[in-house]
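Quick notes on the structure that follows.
A, B, C and D are the chain letters, set down in written order, and residue numbers restart from 1 in every chain.
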Amino acid sequence: MLKIKVQDLNKLFDAISEKEPLYMPLEKAGEANYGLYKTGEKTALDVLKTVKSAKDLFFPQSETIVKFKTEGKNITVEDIREEVKPFVLFGVKACDFKAFEVLDKVFLADPVDTYYQAKRNACTVVTFACRRPEESCFCKVFGIDAANPVGDVTIWKDDENLYWRENTEKGSKLTESVRYLFAEGGEKDVQNQQEETRKIIEKLPFSSLDLSYFENTEMMDIFNRPEWQKLSEACLACGTCTFVCPTCQCFDIREFKASNDQIIRYRCWDSCMYSDFTQMSHGNNRTTQMQRYRQRFMHKLVYYPENNGGLFSCVGCGRCVNKCPQKLNIVKVVKTLGGKKDD
Amino acid sequence: MNKVEELIVKRARELLSSKEVDKVIGWKKGEFYFDPSPAVFTSEEELKDFVYNGFCGANLSKYLVQELKKGGKIAVFLKPCDTYSFNELVKEHRVDKNAVKVIAIECQGKLDIEKIKEKGVSAVTETEENGEEVIVSSLYGSAKFRKEEVLLEKCLTCKSKKFAVADETIVVNEMKETANDRFSGVEELERMSEEERFAFWKGELSKCIRCNACRNVCPACTCVKCVFDNNASGMATKAPADTFEEQMFHIIRAYHVAGRCTDCGECSRVCPQHIPLHLLNRKFIKDINRLYGDFQAGEADEGKNPLIEYTEKDADPTAAVNGEVRHA
Amino acid sequence: MQEVTEQKKEYVPTIVAFCCNWCSYAGADLAGSSRLTYPANVKIIRVPCSCRVNPMFVLKAFQRGADGVILCGCHPGDCHYVTGNYYTRRRMSLLFSFLNYMGIEKERTRVEWVSAAEGAKFSAVMNDFAKKINELGENKRLQDLRVKEERDE
Amino acid sequence: MQRIGVFICWCGSNIAATVDVERVSEAIKSEPGVVFSANYQYMCSENGQQLLRNAIKEYHLTGVVVGSCSPRMHEATFRKAAEAEGLNPYMVEIANIREHCSWIHKDREEATEKAIILVRTAIAKVKLNAPLTAGESPVTKRALVIGGGIAGIQAALDIAEAGFEVDIVEKNPTIGGRMAQLDKTFPTLDCAACILTPKMVDCAQSDKIDILTYSEVEDVKGFVGNFKVKIRRKARFVDETKCTGCKICMDNCPSKKGLNEFNMNLNNRPAIYIPFAQAIPNVAVIDPEQCLKLKSGKCGLCQKKCGVGAIDYTMTDKIIEREYGAIVVATGFRPINIDKFNEYGYSENKDVITSLELERLMNAAGPTNGVLLRPSDNTHPKVITFIQCVGSRDLTDCGKPYCSKICCMYTAKHAMLIREKYPDTEVHVFYIDVRCPGKNYDEFYRRACEQYGVDYIKGMVGKVYNQNGKLMVQGSNLIENEQVTIPSDLVVLATAIEPEPSVRKIATLLTASIDTNNFLTEAHPKLKPVESPTAGVYLAGVCQGPKDIPETVSQASACAAKVIGLLVKDSLKTNPCVAQSDESMCNGCSQCANVCAYGAITYIDKEFRLGGGKTETRRVAYVNPAVCQGCGACTVTCPSGAMDLKGFASKQIMSEVEEICRK
């Protein structure tokens, strides 16, 4: 284990960013989000939850996938994929890191999404253990240890030091390049912090959330529960929950006419909350917000686990709990449906 | 249970039991004290979850649009600012006022849980308002704040505590008008240079994730199909693929509600990135007041808004932009 | 210094002029038949009335790389459709003031009233507007970079 | 897939000299969707149109772009040609490469580049054009003439002659207008009354003409062929059907101090009066501002004396509503107010008068019974000085920038008449230019100078002042290059004329446009001089521009011809470029109806299928295509974009924008 004084952190960031692009929580216009670090940038490592999750780095909100060029009456397809240079993603919390696993199962399964894969492979992930989780956190429910995330490197931080543990070969390589900034030690401090964090987690109000109903009930029974109607009635059909969610992976493919002879085909995040989400030429098979709302949670709690060996596609980051404009969230769904099990 | 909540629940119970209304739109308790959600109550039994506390900031007027379609008579609880939205919805034929009983209720300004959390108080269990003070109890003890520190932005600059419409009112304590000038934020920006303003908005708007919460919560945004969702409009966008699209979305959104926006402040309340969207809407309101005379959307449920109105003596755009003219 | 002026010369701004069919478009026709010149980078789109111009068209123009947008309509009171330009006047006053509030240079947008008889005014207005836009140079604050990239390629 | 044909016109050398037309049609060839591209010397010629028609046939064109002169010139020509070949006329777009390109740019390279962009822009638009078909609306076979002067009278007579009913609405108690006030008319010197009053009588006697005097147009709704007009019939306090015009009431009226408007306020009239002897209708009217009975309730003499019981003090204004297929505006003129012209001393000196006042002073039915006496002391003026262009061709705020056109001729007439009747009178005329184009006009003016010895002095008058009872007219003689002062007994100002101010209100009601001088604008200055831009509304007389009697009568007859041409049709084709609401997106918010100046938008409840067997009833906008004029105000007000304008659809305009910005 290595450690570095907190006052030297900027040196660390500068050192990393000198070699490879460094993405980490930065504060811009008052909000913490992942961004490209440049010397002098206002970092926001201590913010528990960035507004958007870290998935942006592998699966950006908007991404060009191909370009078309017309010349007179001919059209050519331009492959714009380039090799992605190695980069460092720094400060990823355990929940967000777990979310990568959820995304990998979608994007890296056959057929592989090469856009995602290229970025995923190029990235060295430095995870960051939580010290003070808050009441909206419930990662424990999904078997995540917020005090001990993995990734290529894991860091802990207290008021004095940042502690550094390499986990993988990629991690070692990164460690090597900045080793000179570190001193040895800190195991004990980390251990103490972990114990304390775990104690807090035990006490969090959602930590005892029971998901067994979703594991043990017939899909259609859940689907047909009458409570969905009441649960969804305040839903505004905005996409906040899906866009702040670290595991939501839906996208739309659209085209943009950049000039008369140039068309950009890009993909961008889509939300199952939107009324045109399942719009097809024949019409839309989800016509009410209840159906759309149900879809989102059925996907997280039932469909995805069904297809992925029981892995829920929620990691308990609690962003939706904090950010839903009308305070609807997955916890309310789990409690309402799971609380009264059908006989 | 506070006195106002008590009266509200009592009234809701009466209305439902007497079948005077078929449903009541109010707020329902959440997982915590501070996360009530808007809800529709159809039985007395359901009313046990009814809540009205410092965190009931949501404007319920827009829910009438969807609920009225389902039929029946509805009672809705509206805070002073929400009553203006109601009138605009009536004016634009989105809501049939004869099918609605408006119960206007006391509001002393609603609290912003994020501001409280920023002050280091988590796990809030209750709040108590005491004049200009708010006592916040949490699992970890209690803390006292000046109200100003923890109010929602929209309540800090509350435009009026007057009810624009009310079939009934439930008011226990006097509601004091705020002394804050709601246009000071706009003025501050106006004083900046073009470059500074551009930098400010670029910083703010680049945070936008196009979740559409601002649009979807807005009581003035009730289009059957929004231009941004309509691929045939030539303006449809789903995600901010370019900074221009961020600008465009917010310009068009604000323009489309210009003259109709009551300044209910919901857009800023719900923005997950805390973009001060009210500063966009208020610029239009301020300009309208300056150029065409004071106008408060939603003050009445009929009449024309300033953009579907004109006088022969209106200012020319150049003079208007230069700020040279003022309504006589 | 030399370099700067040369650079400026190279960049030819794009100016979109929306002209109402009854007054301003006819005014532009009159400017033409009177051989009153104005720069070639001013290009006109005919609309029935200035009140047909949706703010979205203005934004679309900027998105596609316009450096200035000008709306021309009948003089207030003379609208062929009686009241159309009164609405234009309010809409564009508010829109342009708002764009300026967002940091867009106020000189990039303009509304002028040009009657069918004012060929000379049309030409003068366009010369002046083109000059102002030339001075401002490229519109960097309200443009779509994707469009710019493709254009600059 | 669209098949577009592009035709670039040389317009002789008008376009081809500045724009490399060959290069334009070559560059356009490779545009997606273009299957034919050619250029031709004169596209509007018979051969050019044939070229277009052949290409439509041969290449199965679905859209046509003509790069030529302004669409305001030949859009209709090319659309017609396309239609003749079976292509929907609205699939033709014009790129204006003459007025907006070749004529204003000198650099051939620059102009050619711009022409290519303009043509591409038109292609971008035409790709999104949709075939449009005109609807039909019925025609109400009745015309309205607003104004009962010579213009209105002539128009009404001609329309009635063709067998159509026509109403004349006149705001004064009698028809006749300004011409009735004139003494003699130029260049023949025949008496105005002698030629006008028979026409007035014809109107009264025609069973097709309904004369509504003392009435004003209050409201106009509808559109060509289908106007609904509200007319205010002002309370006359005299029953028109009973009054015989015997004038006994006038003789008995105790309130005799009213200013006689007909005589330019030069003498007085009673509170109950008939404006002049030949008034039509020959019916009295009570001036409510002056009548003792109406003001104080005391009097009632006229009622007592009236043998037929025509007087009714309780009469109130009445609004009647009528339907018309066409409207002629003939609201006429008035002399401008010259109080501001201090240099001529009009307000200080009674003997400085306007020409129209002189007409009354010389008229046998005027205040002096036709004997020329000056107002101050009722003596014969021995020296009379005329001053021309008072307020005309005047760029100061006091006057008008235009030439009033009639003054040169009437001054020559006045001078001649005075010299003829009073040969001992000295007549001087200060003029800037004498403008006498017109049949027998210049001869008339020359007669004044040569035969009648009128002293024409080229120069402007600086000052008129009173010195010992003489009016000293101080001016310059530009020919002699000297300052002159002419001591005169009477000074006559050839006062500029301006449109009757009530025309503003009428223009608003009719949605007709008005120029900065308040003259109504014609649809085209050369080719549509009697039509207003609003379909079904026509212009006669001075309301459209200064003109004399023969011109006014010609224009009135031209209006009548247009009206008759309209009224003989049983139905009209409507403009297909109208707004239309996409009901699936309409919210029924009513904002669009609020900005529609024509009342074309109404709302209906419509049922929509939601899927899953559910339906919902929504209030949605409906645009009446016969009423909509196609301005597009509603399209911008509509936040959802449900409202769009055919022919100028949002997508089309945005596509044009994209193309124009292409660099």
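Here are a few things to note about the model shown:
The definition used in the following text is that a residue touches a chain if its C-beta (ideal position, glycine included) is under 8 Å from a C-beta of that chain, and two chains touch if they have at least 3 such contacts.
None of these values were measured; they are calculated from a predicted model.
With centres computed from CA atoms alone, C is the chain lying nearest the middle of all the protein shown.
Two chain pairs are in question, A-D and A-C; the one with more C-beta pairs in contact is A-D. Distance between subunit A and subunit D, defined via averaged C-alpha coordinates, is recorded as 71 Å. Subunit A and subunit C have CA centres that are 45 Å apart. Distance between chain centres (mean CA atoms), subunit B to subunit D: 52 Å. Subunit B and subunit C have centres, each the mean of its CA atoms, that are 36 Å apart. Among the residues of subunit C, those touching two or more other chains are numbered 55-56, 60, 77, 83, 87, 91, 144, 146, 151. In subunit B, the residues that touch at least two other chains are 227, 233-234, 241, 307-309.
The set of subunit D residues touching two or more other chains comprises 595, 637, 650, 654, 658, 662. Judged by the touch criterion defined above, the protein chains are all mutually in contact, each touching every other. Those residues of subunit D whose C-beta lies close enough to touch subunit A in the complex are 30-32, 120, 610-612, 614, 658-659, 662. Subunit C makes touch with subunit D in their complex at residues 12, 14, 16, 21-23, 25-26, 28-33, 35-38, 40, 43-49, 51-57, 60-61, 64-66, 74-75, 77-84, 87, 91, 115-117, 123, 151. By the touch rule above, subunit D contacts subunit C in their complex via residues 70-72, 96, 98-101, 103-107, 110-111, 113-114, 117-118, 121, 508, 511, 513-516, 521, 533-534, 577, 595, 597, 629-633, 635-637, 645, 648, 650, 653-654, 656-658, 660-663. For subunit D in complex with subunit B, the touching residues are 584-591, 594-595, 603, 616, 618-619, 637, 639-642, 650-651, 654-655.
Across the complex, subunit D is touched by residues 69, 92-94, 222-227, 230, 232-234, 256-257, 304-305, 307-309 of subunit B.
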